[in-house]
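Worksheet: the structure to be examined is printed underneath.
By letter and in written order, the chains are A, B, C and D; residue numbering begins at 1 in each of them.
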Amino acid sequence: MAKIVSLPEAVAELVRDGDVVALEGFTHLIPFAAGHEIIRQARRDLTLVRMTPDLIYDQLIGAGCAAKLVFSWGGNPGVGSLHRMRDALKNEWPMPLEIEEHSHAGMANRYVAGASGVPFAILRGYAGTDLPLHTPTISSVTCPFTGEQLAAVAALNPDVTVVHAQRADRAGNVQLWGITGIQKEAVLAAKRSLVTVEEIVDELTPVPGAVVLPSWVVDRVATAPKGAAPSYAHGYYDRDNAAYRKWDAISRDRASFTSWLEELKGSAA
Amino acid sequence: MAKIVSLPEAVAELVRDGDVVALEGFTHLIPFAAGHEIIRQARRDLTLVRMTPDLIYDQLIGAGCAAKLVFSWGGNPGVGSLHRMRDALKNEWPMPLEIEEHSHAGMANRYVAGASGVPFAILRGYAGTDLPLHTPTISSVTCPFTGEQLAAVAALNPDVTVVHAQRADRAGNVQLWGITGIQKEAVLAAKRSLVTVEEIVDELTPVPGAVVLPSWVVDRVATAPKGAAPSYAHGYYDRDNAAYRKWDAISRDRASFTSWLEELKGSAA
Amino acid sequence: MSTDSWTADEMMSVAAARSLREGQVCFVGIGLPSVAANLARRLHAPNLVLIYESGTIDTKPDELPLSIGDGILADSALSVVSVPEIFNYWLQPGRIDVGFLSGAQLDRFANINTTVIGEYDEPDVRLPGSGGAPEIAASCREVIVVMRHRLRAFVEQVDFVTSVGHGSGPDDRRVLGLRGAGPMKVITDLGILEPDPDTAELVLTAVHHGITVEQVRAETGWTLQVSADLRITAPPGEKELTTLRSLRTVGAAS
Amino acid sequence: MSTDSWTADEMMSVAAARSLREGQVCFVGIGLPSVAANLARRLHAPNLVLIYESGTIDTKPDELPLSIGDGILADSALSVVSVPEIFNYWLQPGRIDVGFLSGAQLDRFANINTTVIGEYDEPDVRLPGSGGAPEIAASCREVIVVMRHRLRAFVEQVDFVTSVGHGSGPDDRRVLGLRGAGPMKVITDLGILEPDPDTAELVLTAVHHGITVEQVRAETGWTLQVSADLRITAPPGEKELTTLRSLRTVGAAS
């Protein structure tokens, strides 16, 4: 059963130095508040997993929390590059960053395998591309019925998955809707999970297209109103596109990033 | 794009002698009306695929439509056995019936593989059971990352899948809700598909838990009000439990079944 | 029927219900398991999480479902998912505490047969088949079997292994890669059998109130071992019986 | 800007929109492909089915999404599915007619690079990476590439094969088991390139109105072959231009 705690408590209890941590949310419901709390609590040597590392991972990387990045598309959507990620890769600032790179289909299937309790997934993917040359978690298997060769990817089972949702009930059952992305799989694949929510309600009334995560597959629920901003929470607030554009300028140089970081550390969750 | 036609037209156009045909619906939304039309049109040598062959397959088997049955649980839910299926297996009446038998998890994954365009699926299943001795579509693969051995099942790609849904819009987009079972996978795995619906509406308003099948993955839509009876259509009518119990008596002997069959053939779709 | 007397089936359902603990997550088959699980939820385990293979998660039906996919299961569920999802995401990874099964035949290693009596190709009786049982038996943290104790059903060796119990001995599940503990209790209308920790063979650990060991042996097709500290199941209490008797099945005549 | 003149980007978007046919099912990447697909839907293909990798199926956004998972895509979709489902059930089986891609580098066999410029381990420029592109390129019935024609982008051989076009020749896709036909058109701001049926090498089949073959060659990093029946793209019509210019991006200043 999920325990409902404060966000600082939840991060303190669940996220440990050296963990494989997935913060998921496909453009929508990105758990920024939780990511910021991880920065405030100065976690180190994390392997950060995420299909689309965007601002939140640029921030975690710049803050020195990450030793490795597992991903399939790293950019500032609609704006450009992730400058902190680039700086870490090219100049090892603030520290070296190892990468493990997949396609979206590969990453999605890795989470599916993880959620399903099997060690790998098969897909039609990667054939002819250069990715398998650099990524050891890509292999192949032969169909025992047709002899056909398919790509195989290793299951992803993060130590901790963090997602943001619209709401939870008092028992800790979680409900999210809109673009639900890979969140269900990421939570089910994880050893531990934290869900931040816009609000806690008495009852989860049904919503079209909603995904429900039962309390007993979630370890901690923490309220974090506007916890997905500057991304958005369907039905609650819109994406702050200006903030995404503004990040491009902040992140371009180490000084402006560092003052942003100091300001974040000085603020409360 | 789905064409909206009458049920007799749809069956005439899509279902051919010798086809592999899946009529799906997990207890809920079982396409009885379509099955009855297949009987009326006297299709022969069908390979009938269904996770839970119940009354509708008992009827198709008794009517002599089937040469083979692919399934994972064959019974009259809550009542007992399928007498026409037993009679075909034991006494080849009205004709011999070959079987290919799986577990639910295996069948579900076979449809998933079919819907996903891959030739097989992996699962933790069948280990230690006697099913693999009798079912050639069960095999095994070795994980290229861990060396672990997992069960493999061959993809299912029916020639035709038939499902029943609550409603469609005039463009042929289909919406179903409640227990949605394996219907999406069964339709997406099929070469051709027919959806019978309770009604055709101007607009598909969102419904919690609904599955939507876009018009362009459906070949024919036919209205068949009460087309799932005696099973049920969530939000439209309840399961006719008495009819399920009554079938036990009707199907027990060939004479009473035959008069039931003659009556069905004399009725219109 | 007064609460001073009860049927053997009632005793079985009550004993099965008692075996479930509050807050457990339970994968329920239809029939006897469903009765017992819903009874437990109304007695000592109001937060028992019931999952049915039709895809209904944390369902709280007012009445007993007649079939595994009754509408009442969807209406009262926290979440309804697809059939592939229920097997792949929920059952397979081992996140379910208890799998509740029944069968037509059970053997001394708690292997279960729901496929055929006799030879597979020329069966004496064709049974419904596997359904979700093989993977429930494989993947739940533990399995509880509920079935009526009859000589024709409790056999030395099942005619067909539909669902693996303990195979042919204590190490078989590990060798087969089955991650759950397998059947830890077989609850019948006569008593309770549990696997011996050393041999994995089912031994009689309890007889129900008023039942003798001889009665149980007479209905068991192998030389049944009896536990040194054989317990006697407490008879159904008044609340247990009245609750059980108040359970209505959907669509049944009242 | 009057409709008597237009930018090269506008010509490119209009040419790309024209390449889509009514009723096709189109898997759309963000940026130039999204502009072109949404333009086509407002012009000659009102029933074009747009699918974005965020899981939105048959979406009809009023404004252009800024990112692949904008709320406007979910709000206007016939159906929103999970990310694994969009790749496994919808893209992978080959049920999508057209995949619409862009890239940082493209080579003479229409292989696409969105990963790195330079060496993988010591790149000159680190690009965003694969996203959905490799499997879009593999599985759609055909692929249309939309990208600006620049010498640094149209290279003899891409530094990294993120998404396979025609590999190194006409038989490569078959050998690799890629079931779609691959890139059948590369639409740039200067003209249109199509693979030669015999060699699979991209040849210039059209230049846009006002563009010369020499201009195209100057921006192409291999010895570009020119089709014997080179066409000239009709200039953007008034309706095309006014519609394109009326497309607003979500959250942009008007």
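Some points to look at:
Basically, a contact is a pair of C-beta atoms (placed from the backbone, for glycine too) under 8 Å apart; a residue touches a chain by one contact, two chains touch by 3 or more.
Given the structure is predicted, the values throughout are model-derived calculations rather than measurements.
Common neighbours of chain A and chain C, listed by label, are B.
Between chain A and chain D, the centres computed from C-alpha atoms are 28 Å apart. Centroids of chain C and chain D (each the mean of its C-alpha atoms) stand 57 Å apart.
Taking each chain's centre as the average of its CA atoms, chain A and chain B sit 39 Å apart. Counting only residues that touch two or more partner chains, chain A has 112, 117-118, 123-124, 148, 184-185, 209. Shown for chain D are the residues in touch with two or more other chains, namely 88, 92, 139.
Contact annotation for chain pairs lists A-B, A-C, A-D, B-C, B-D, with touch applied as defined.
Interface residues of chain C facing chain A in the complex, by the touch rule stated above, are 23, 25, 49, 57-58, 78-79, 88-89, 92-95, 139.
Residues 26-28, 51-52, 71-75, 77-78, 81, 85-86, 89-90, 101-105, 108-109, 111-112, 123-131, 133-134, 148-149, 178-182, 184-185, 209, 211, 232, 234, 238-239, 241-242, 244 of chain A touch chain D in their complex. Within the complex, the chain C residues that touch chain B are 30, 53-56, 66-71, 73-74, 80, 82-84, 87-88, 91-92, 115, 120, 123, 126, 128-135, 138-139, 160-164, 167, 172-173, 176-179, 250-252.
On the chain A side of its complex with chain B, the touching residues are 117-124, 137, 139-146, 148, 150, 152, 154, 206-210. The residues of chain B lying in touch with chain D in their complex are 1, 112, 115-118, 173, 184-185, 188, 204, 212, 214, 216-217.
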